[in-house]
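Listed after this line are the structures, all set down as structure tokens.
The following pair of complexes shares a single chain, chain A, combined with chain B in the former and chain C in the latter.
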Partner chain A sequence: MSLLAVRGLTVALPTGEGEARALDGVDLELAAGGTLGIVGESGSGKSMTALALMGLAPAGARIAGKIALDGEDLLALGEREMDRIRGARLAMIFQEPMTSLNPVHRVGQQIGEVLALHRDLAGGAAREEARRLLERVELPRPARLLRAYPHELSGGQRQRVMIAMALAGAPDLLIADEPTTALDVTVQERILTLINDLVDAEGMGLIMISHDFGVIARTCEAVAIMYGGRVVERGPVADVLARPAHPYARGLIEAVPRLGRGRAGRLATIAGAMPALGAFPAGCPFADRCPQAEEACQLQVPAMRPLGPARAAACHLLEAAP
Partner chain B sequence: MSAEALVVAEGLSRHYPLPRTSLFTRAERVRAVDGVDFTLARGHSLGIVGESGSGKSTLARLVLALEPPSGGRLTLFGEDPATLSAEAMRRLRRHMQIVFQDPFGALDPRHRVARIVAEPLQALRPDLARAERRAQALEVMEQVGLRASDGDKFPHEFSGGQRQRIAIARALITKPDLIVADEPVSALDVSVQAQVLNLMRDLETSHGLTYLLISHDLVVVEYLCAEIMVMYRGRIVERAETERLFAAPAHPYTRLLLASVPRMEAGRARRDGVAPPPAEAETGDAIGDGCPFAPRCPLAEHRCRAEAPRAREIAAGHRVACHLA
Partner chain C sequence: MATYLIRRLISFCLTLVGASVLIFVMLEILPGDPALTMLGVDAPESAVAALRADLGLDRPAPERYLDWIAGLARGEMGLSFTYQVPVAELFAERLELTVPLAFAAMALASLLAIGAGLYAASRHNRAGDWGVMTASQLGLAIPNFWLGILLIVLFALVLGWTKAGGFPGWEAGIGPALGALVLPVVALAITLASILTRVVRSATLEVLREDFVRTARAKGLGRGRTLRRHVLRNAMIPVVTVMGLLFADAMAGTIVIENVFSLPGMGKLIFGAISNRDLIVVKNAVLLLAALVIVVNFAVDLLYALIDPRVRIRD
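What follows is the complex of A and B.
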């Protein structure tokens, strides 16, 4: 059984003119210990996917579909049951750890809260476990750090503290939403190395959300590319990045400047701009910008077609693999 | 160099005093920019790469004469800004413009776009009639891929990429020779970033622009610049023509930066032959008189901690400040 199976996940947000679907029929699959990257631009729905998985979709959102964690449907759970799962079986780290850490509490106290809530640890046992967790995320002088306030730490150190807090409940799945976007590139490399080591050592599943294909390739085996609230292509990272099948995936990958390619050639671009929420075409969400779009693309939403082992894309113009 | 020098920096420094920790100690200083030498020649766009705290944005402000250096000499278009009258400085300023990272913060939300784009003309060409300023604004807007009808809209009606086009149009309206661009595409999505990078490159040719591009992103600098300087803690540690820098990086910090960029081709395993980068510097690492990178450098020797390396030319146009390079 999969660790995570998402089926037809739809999140509709109230707008001035009725509802707009921030997510529209998202399917995702992750085996225990598996690693999945979710890539997309602003407005693609990648961060909404993470929030919906955590049960943190905005108030007023109407959610449909199924999110099965170890077979248990999270969408059927009440708020109190979801509180028990968040932190214990699902944990999340964000782009800017400063906004998720409480600035007036010491690091040790904040890790202690998670340990009390999910592991029933208090006093000396909690302190010892907090120190061990800081060591686990390779922070030097952990005993001293427990007494520090978040503002006394560097950006990289704060993200390590966030990861330590995420590990505190020994989760089965770690969701990381742009965890290194605000960090310098040398610090990013160290944090990504740490996340990889932890995922391998603890047997956690990982969902890495990023706009950066390099970060996804560095941390994930599989990737899902999102556009307009839908997954438009998925498959093994190496296959998808080398031979993207969906016209949006192809456009996006070709638009990335690559290191060492020099000033030769122009960057490929995608025509037009990302529509606002609720303004995507009725058919394929990419139809307005797609260089190959035909009439059918405007009218009918393409279904995911299998393209080979573990690969699929949602495009009318692709031949499904037999 | 035969091309005209737009900017010449000689030993350029900017130090900020820190609050004294005790009455009996000397006030410490942050050396944001510390003895920087370079020449920016017309048509030879230059990239400055470095991480947060490297001093690259302070250097940009010095070059724009937005703040005075605390040491060294700056020559802009053949003149020393420190000696210029306010009127002469204003004339000089039309030759250089800036484009910032955040296209949202840089545009006044209460004004229509045509007025925002025309704004630099108000100070520089007060003789122009309002209608003439507006006509010029609409003309540059079309040159950056906006429509003339966009002139009557407000900034919030535009996407991030279009707002950056507005900021570029405003920079172009004074017909500058030099554009200092501080992280111009960092806030943009990948597909929009490609559009803006292509535009910037087109304008370089069509408008005879030279860029001084500040970025943390090596890939962006590589795409736009003929030459690259790598900054670390206020100093230029390496400088070379773009191709040369990527083919033969000589400073251990440059090599660390290049090895740290996650690449689409790489898998989850660490790339072969790349040692894990050393620990991120802790704030307040005392570097004393040594090399600023020594506390993180995997190759550092005793000498590196005792004595700051001077920049040496190791190949034509390739300068490195490292004892071991």
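What follows is the complex of A and C.
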């Protein structure tokens, strides 16, 4: 059985005029210890997917579909039961390490909270475990850090503290939502290496969310590309990177800057911008920006089409191709 | 932290000096002869002149001001013109009532406001929020003296649970003394609580949008625990500021409430002193109230540093 199986996940948000679907029929699959990247622009629904998995979608959102963690449907659980899963079996780290820690509590307290909540540790035992966790995320002088406040740490150190907090509950699945976007390039690299090492060592599953294909390629085996609240292509990272099937996937991959391409190769871009929530075309969500769009694309939503083992894409143009 | 403390202490002293100068200028230098004010316009010229000499009004203003401050430093404020007793004695006796009254009203208001404000924020845009906001609107609209009268009518006259007013003194025992303060405290606290509830609610809503609240939920903390452990303390920063400011309102409120409930406190003393044109009492009483408000706000500045560790290094 897979660690995580998401089927037809749909999140409808209330807007000025009726509802808009931030997620529309998202399917995801992750084996125990597996790593899955979710790529897309802002507004593609990747962060909403993460929040929906955590059961933290915004108030007023209507959620449908199925999220099975080890076979247990999370959407069927009550608030209290979900509290027991969050932090213990599912953990999440966020994009903004500067604001994701509580400014008025010490680092030790914030890690200790998870230990008390999910592992029944308190006092000296909790302090010792928190110190070990800080060592685990390679922070120097952990005993001193426990007494520090977040404002006394750098961005990279705070993100390491966030990771230590996520590890504290010994989760089966770690969701990382753009964990390095707000950090310096050199720090990014080290944080990604750390996440990779920890996922391997602890045997955790990983969902890495990023707008940057490079980050996904470094950390994940499989990738799901999202656009307009839907998964438009999925497959093994190397495969998708080498032969993207969906025009949006091609655009995303071509838009990754590479060294040595020279001046001649100007950076490719995808024309236009992602429409606002609720303003997507009736057919394929990408139709308005797609260089190859045909009439059918405007009218009908393309279904996911298998393209070989573990590969699939949702594009009308794939019919014609062999 | 030390620089923060020193800065606060300096600004505390400067505010106190500023307040005393302002009071002195308003009461003794601005047009209008204090001696004439005290005796009334019909008083004979000789009596006014005698009082002027008695009060030292014939001396230059800076000298009089320094004399006043030097006297305060020795704990001497002079004799009350109407009561013919040392002003300091009068105050000591009255503060025993007014200070507990004001602080109890602030405490009750804070308790009500934090409870109601957190509740309203956690039920944002739902019935509970709407209910709290309506109640606070009502509390703001009702003047405290009117609420005081209503409370007297209901609890003293209709139900007969308490006396309509008066204060037996602390010598009568804690029970009866506190009993006499219940209605005045409630009447004073409702307006304060209504203002503060709105501040607590909006501060809480603000903090609820912060990223670290989402982190707390992601750790597995329930809504209630997140509110108590992560939201409340961060929301207290603006709330404590407003509490300090409201303390001035509470002190001003005691003047009205002590008259409604005929409690022999500072408020009633000031009210009487103004009617009797007892300049020495008015001058010192106003400075004392100002000093109390300044001390409370100094304490608030210190509280910031306790609540928010970032304040300790910011200055």
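As a working rule, the second predicted complex is superposed on the first by the 318 of 322 C-alpha atoms of A that agree within 3 Å, B and C clash if a C-alpha of one lies under 4 Å from a C-alpha of the other, contacts with A are read in each partner's own complex, and residues count from 1 in each chain.
Criterion: a contact is a pair of C-beta atoms (placed from the backbone, for glycine too) under 8 Å apart; a residue touches a chain by one contact, two chains touch by 3 or more.
Everything numeric in this text was worked out from a predicted model, so none of it was measured.
Engineer: Label the relationship between chain B and chain C on chain A in the superposed model as either fit or clash.
Structural biologist: Aligned through their shared chain, the two binders fit side by side on chain A.
Engineer: Using the superposed model, give me the angle at chain A's CA centre between the CA centres of chain B and chain C, as a multiple of 10 °.
Structural biologist: Roughly 80 degrees separate the directions to chain B and chain C.
Engineer: Thinking of the overlay built on chain A, is A:His118 touched by chain B (first), by chain C (second), by both, or by neither?
Structural biologist: second
Engineer: Under the stated touch criterion, which partner chain does A:Pro291 make contact with: chain B (first), chain C (second), both, or neither?
Structural biologist: neither
Engineer: Which partner does A:Leu56 reach: the first (chain B), the second (chain C), both, or neither?
Structural biologist: The second partner, chain C, only.
Engineer: Let me test your reading of the model: by the given contact rule, A:Val104 touches which partner, first (chain B), second (chain C), both or neither?
Structural biologist: second
Engineer: Have a look at where A:Gly16 lands relative to chain B and chain C in the superposition and call it first, second, both or neither.
Structural biologist: Once the two structures are laid over each other on A, A:Gly16 reaches no partner at all.
Engineer: Who does A:Leu267 touch here: chain B (first), chain C (second), both, or neither?
Structural biologist: first
Engineer: With both complexes superposed on chain A, which partner does A:Ile85 reach: first (chain B), second (chain C), both or neither?
Structural biologist: second
Engineer: On chain A, which partner touches more residues: chain B or chain C?
Structural biologist: Higher number of touched chain A residues: B.
Engineer: In the superposition on the shared chain, how near does any CA atom of chain B get to one of chain C? Answer in angstrom.
Structural biologist: 10
Engineer: Contact residues on chain A for chain C in the complex?
Structural biologist: 54, 56, 79-80, 83-88, 91-92, 94, 96, 99-105, 113-114, 117-118, 149, 151, 162, 165, 169
Engineer: In the complex, go through chain A and note every residue touching chain B.
Structural biologist: Contacts found on chain A: 35, 41-42, 140, 154-156, 184-190, 192-193, 196, 211-215, 217-221, 237-238, 241, 251-253, 255-263, 266-270, 273-274.
Engineer: Spell out the part of chain C that touches chain A in their complex, as residue ranges.
Structural biologist: 210-212, 214-223, 229-230, 233-234, 307-310, 313
Engineer: Name, in rising order, each residue of chain B that touches chain A in their complex.
Structural biologist: On the chain B side, the touching residues are 51-52, 159-162, 189-195, 197-198, 201, 216, 218-220, 222-224, 226, 242-243, 246, 256-268, 270, 276-277, 279-280, 282-283.
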